[in-house]
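Chain lettering (A, B and C) follows the sequence in which the chains are written, and residue indices restart at 1 in each chain.
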Amino acid sequence: MKSDPTTLFIYALSVTVLSMVSRDPRVLLALALLNLPLGTYLGRKRGVIFFLLYFLGLFGIFLNSVAFSNQGTAVLDVGPLVVREGAVKAFLRVFLRLSSILGAALIFYGLADIRELLDALECTMRIPRGFVFSLAVGLRMLALLQRDAGEILEMRAQRGHSRRPLTPGSLSSFLRTLLSVALERGLWIGVAAELRGLSLRERRPRPYRPGLGDVVLLVLLALQLTITILSMVC
Amino acid sequence: MPPRGNWSPLGCLATPRPLRIPYFPHLYYHYPMSGVEAEISGAGYGVKAILHDVRLSAKAGETLAVVGRSGVGKTTLMLSVTGVLDNLLGGWTRGKVSLAGLDPIKRDFKEVPRKIGIVLQDPDRQLAMPFVLDEVAFTLRNLGLPEKRAWGALLRFGLAHKAYAEVETLSGGEKRRLTLAASLVHEPEILILDEPSASIDPWGVGDLKRYVQTMAEKGLTILLIEHKLGFYRGVFDRILLLEAGSSTWAGSVEEADPRILEEHGVDYTLIGRPRERVFTGERVAFLRDCEFSYDGFTLRVDELDIRAGERIALIGPNGGGKTTLLKILGGFHRCSGEISVAGRAFYVPQHPDYLFVRPSVGDEVRDAREKGGHEPLGLPTGIDAGSSPYRLSHGQRRWLSLAIAHAFRPRLLLLDEPTTGLDLFLVEQLTDVLWRLSKSGLSIVFSTHDPRVVMSLADRVLLVADGRVSEIDVDEAISMMLEAMDIEI
Amino acid sequence: MQTVPELRYSAVDYAILGVVAAVMGVVFVVAWDFYYLVKALLGPIGARVFTYGIWFMAAPLAASLVRKPLSAFSGEVLAALVETIIPTYGGYTNLIYGVAQGLASELAYLIFGYRRWGPLQAALSGALAGPVAVTLDQILFPELITAKTFAALVLAATASGALYGLIAYGVSRVRK
């Protein structure tokens, strides 16, 4: 099933907004049940560690729930720690909300081809060509800079500096090197792009023509929108 | 209109070289004057002039090499004649420039892309798109040409099977070919190459030369900016020598005096100066049955001994495992088998910038002294201690990286392509320093694509290719590299 | 620096905006495991307090490098788009935060008439993103942010934003 990146973009963005504004746990459950399993399946190439870390993060959400929303009747009493109803409810709501947001992003990630996305941003969504060029350069550079970053961190260790640039000082030091290398590249990429006619580029508008894959996604989205609105009205 | 014959975007594939029919017949009729003419009486940024008096002339179909040592203004000249200096970088040019009949500096800057193709030093500083096909299609879409033509260019440069691959998965040689494909796909009249061989292995240089030669035979006007002229012998008609921002000599290749060229830092003869061997018997490091794998690539070293004062060159194609071997010796990669290094090993990466951690040169030196425990190597005069290390010239940065390494007093110095981007003089200086250090007992392992550096520095040569390491004779190595580059001495 | 603001972006400007987006993406990857460790131990609120300012750096960094109107906004949105596409756990919230923070950060340069691009503006640009980010957090985690913590978080985010804005400015001078 093939979907237009435009549809996927609209879908993921809308589901995220719906999840952010919904307060009703039933709606959040519905959104999460729709998006997380589908997203996990489609986005499985993201790797096991990605999902493991996500579930590790749940522990933190639980701690925060206990810290900030521990009201109501006690559900669990383990010595000094008393978990109350409010904390459990808060935890579940936050968990469901984040899950549908992640699910939607993974559906997008699993189905959208980056090449087609760049094209759709320019031709269908009518984002200015320069901005799309920036994004393309950003994505190209990301792969390059990840390699640079690894190298820089190894060299820092060799020189007796921290491998984890987390303090403001070491972050500055790390960023100076990374940015210096990246800016030199950026400058020349810009010069070459101009000499290859970037400013002559004209948009080739392409009307949005939804196919079966798009219709399915849009129906799913309409369903979630209806659920959310109904819960707010009723 | 001239007859177009059976020309088609894919025509270049169907017709083997050499082509009798001019490749771009229609272009000649539309633009009878498509060379480059420049009379520049000054060019630079702000109050600083980099070019003073340059006369450049390449007639249609001519191939011109602009030569001169680092920092004489070769790149500024390229930026000036394409109009980039004035229109994009906020610089200025005084004088007249005509590029394929256009005035790139004032009126026609926007039209320049239709007429020229440009290939820059480092593919990573040119390739803008995340995917191979899009890089070529980028040129076409910008110029409003049919994007289907991209396939023809990819096929011609042997990249069609990687059309949908991410650019970052290509090897250095493939990236270089991609820049050529993306610069020639719109059939420009003029091809400008800025040190295109700086980042590729000898085999890539051979390929590049053959492509350039083909383009020249097809009637393209070619402008090459280079200090390693020796790599391109037989390819170019004319030479323009730049000296401190002015053109001082122009003429045909036959008229050029190799001695004078070399006096101006232009590599022509490609003969290195062998230095005496100084190594002693004491073993500094050894590897036994060492194996290291990553991303499906395995490097295997059966046996390697490194003795004090020895200088070992690693040669071989890009992606063959040279850097991996250096990093194993540097302790960055852990390999199975036995490995031992007596004392400290220090690795200096190909981009010296990676090594810098401080905002100024003075701080860098102090930091190296403090963390390394010894006095760093002295820096050449002319480097301001208050300057940012990232603002130094490439040669100065290379020097600073060596100075830092020296502060750690390693027994084993590991250098990843230490001479890339350095001109003849700088290479001489560098090899001199390395020779002096090795006399004091330091062992040096360096990777290189430059046969001259092998000639002047290597006691031993290891060929690292396809994950295997084998020792070969120094002379054999040099002739192998020259042969790959298609150079006869 | 008292020049009339230039509006048109050149290819080099666009490329540098792309560089900023990629650099921020890499910073995120480098700090990745640290961030998730903190998140597991101190929760999303704790993780945010510790890393707030880093998220606001793209805008002042882009503006300090490309001194043109809307550069702060574009830099922030591009960085957010890259994070959305990778994707990170936040998914499309990245984009929503990016647009809102980018607009707030842009204000720092707008109120100076796009004539000043110094450390003060960079710090302000980072600081202004703070309240916006915490407000969005309040929408995303209403269960975890009480009125009292809200005020404290705004304060923390603003201060941290100003600090990292300054760092962004300092780093942007690397080739100057």
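The rule is short, and it goes like this: a contact is a pair of C-beta atoms (placed from the backbone, for glycine too) under 8 Å apart; a residue touches a chain by one contact, two chains touch by 3 or more.
Given the structure is predicted, the values throughout are model-derived calculations rather than measurements.
Chemist: If you tally the C-beta contacts for A-B and for A-C, which one comes out higher?
Modeler: A-C
Chemist: Determine the chain that sits nearest the middle of the structure, using the mean of its CA atoms as its centre.
Modeler: So the chain nearest the centre of the shown protein is B.
Chemist: Let me have the rounded angstrom distance from the C-alpha centre of chain B over to the C-alpha centre of chain C, please.
Modeler: 37
Chemist: If you average the Cα atoms of chain A and of chain B to get two centres, how far apart are those centres in Å?
Modeler: 38
Chemist: For chain A and chain C, what's the span in angstrom between their mean Cα positions?
Modeler: Using C-alpha averages as centres, the distance is 16 Å.
Chemist: Chain A: which residues touch two or more other chains?
Modeler: Only 114, 133, 136-137, 139-140, 144, 148, 176, 180, 184-185, 187, 189-191, 193-194, 198-199 qualify.
Chemist: Among the residues of chain B, pick out those that touch two or more other chains and give their numbers.
Modeler: Expected reply: 88-89, 128, 359, 390.
Chemist: Residues of chain C that touch two or more other chains: which are they?
Modeler: 10-12, 15, 174-175
Chemist: In the complex formed with chain C, which residues of chain B make contact?
Modeler: Residues 88-89, 128, 359, 388, 390-391 of chain B touch chain C in their complex.
Chemist: Within their complex, state which residues of chain C touch chain B.
Modeler: Going by the criterion above, the answer is residues 10-12, 15, 174-176.
Chemist: Which positions of chain A touch chain C when the two form their complex?
Modeler: By the definition above, chain A touches chain C via 12-13, 15-17, 20-21, 23, 43, 46, 53-54, 56-57, 59-65, 67-69, 89-90, 93-94, 97-98, 101-102, 104-106, 108-109, 114, 117, 130-131, 133-142, 144-146, 148-149, 153, 164-166, 168, 171-172, 174-176, 178-180, 182-187, 189-191, 193-194, 198-199.
Chemist: Can you tell me which positions in chain B touch chain A when the two form their complex?
Modeler: So the residues of chain B in touch with chain A come to 79, 82, 84, 88-89, 110, 112-114, 116, 118, 120, 122, 124-131, 133-134, 138-139, 141-144, 164, 166-168, 182-183, 330, 332, 346-347, 349, 351, 353-359, 367-368, 371-372, 390, 404.
Chemist: Using the touch rule from the top, collect the residues of chain A that touch chain B in their complex.
Modeler: 114-115, 118, 133, 136-137, 139-140, 143-144, 147-148, 151-152, 154-156, 158-161, 173, 176-177, 180-181, 184-185, 187-202, 204
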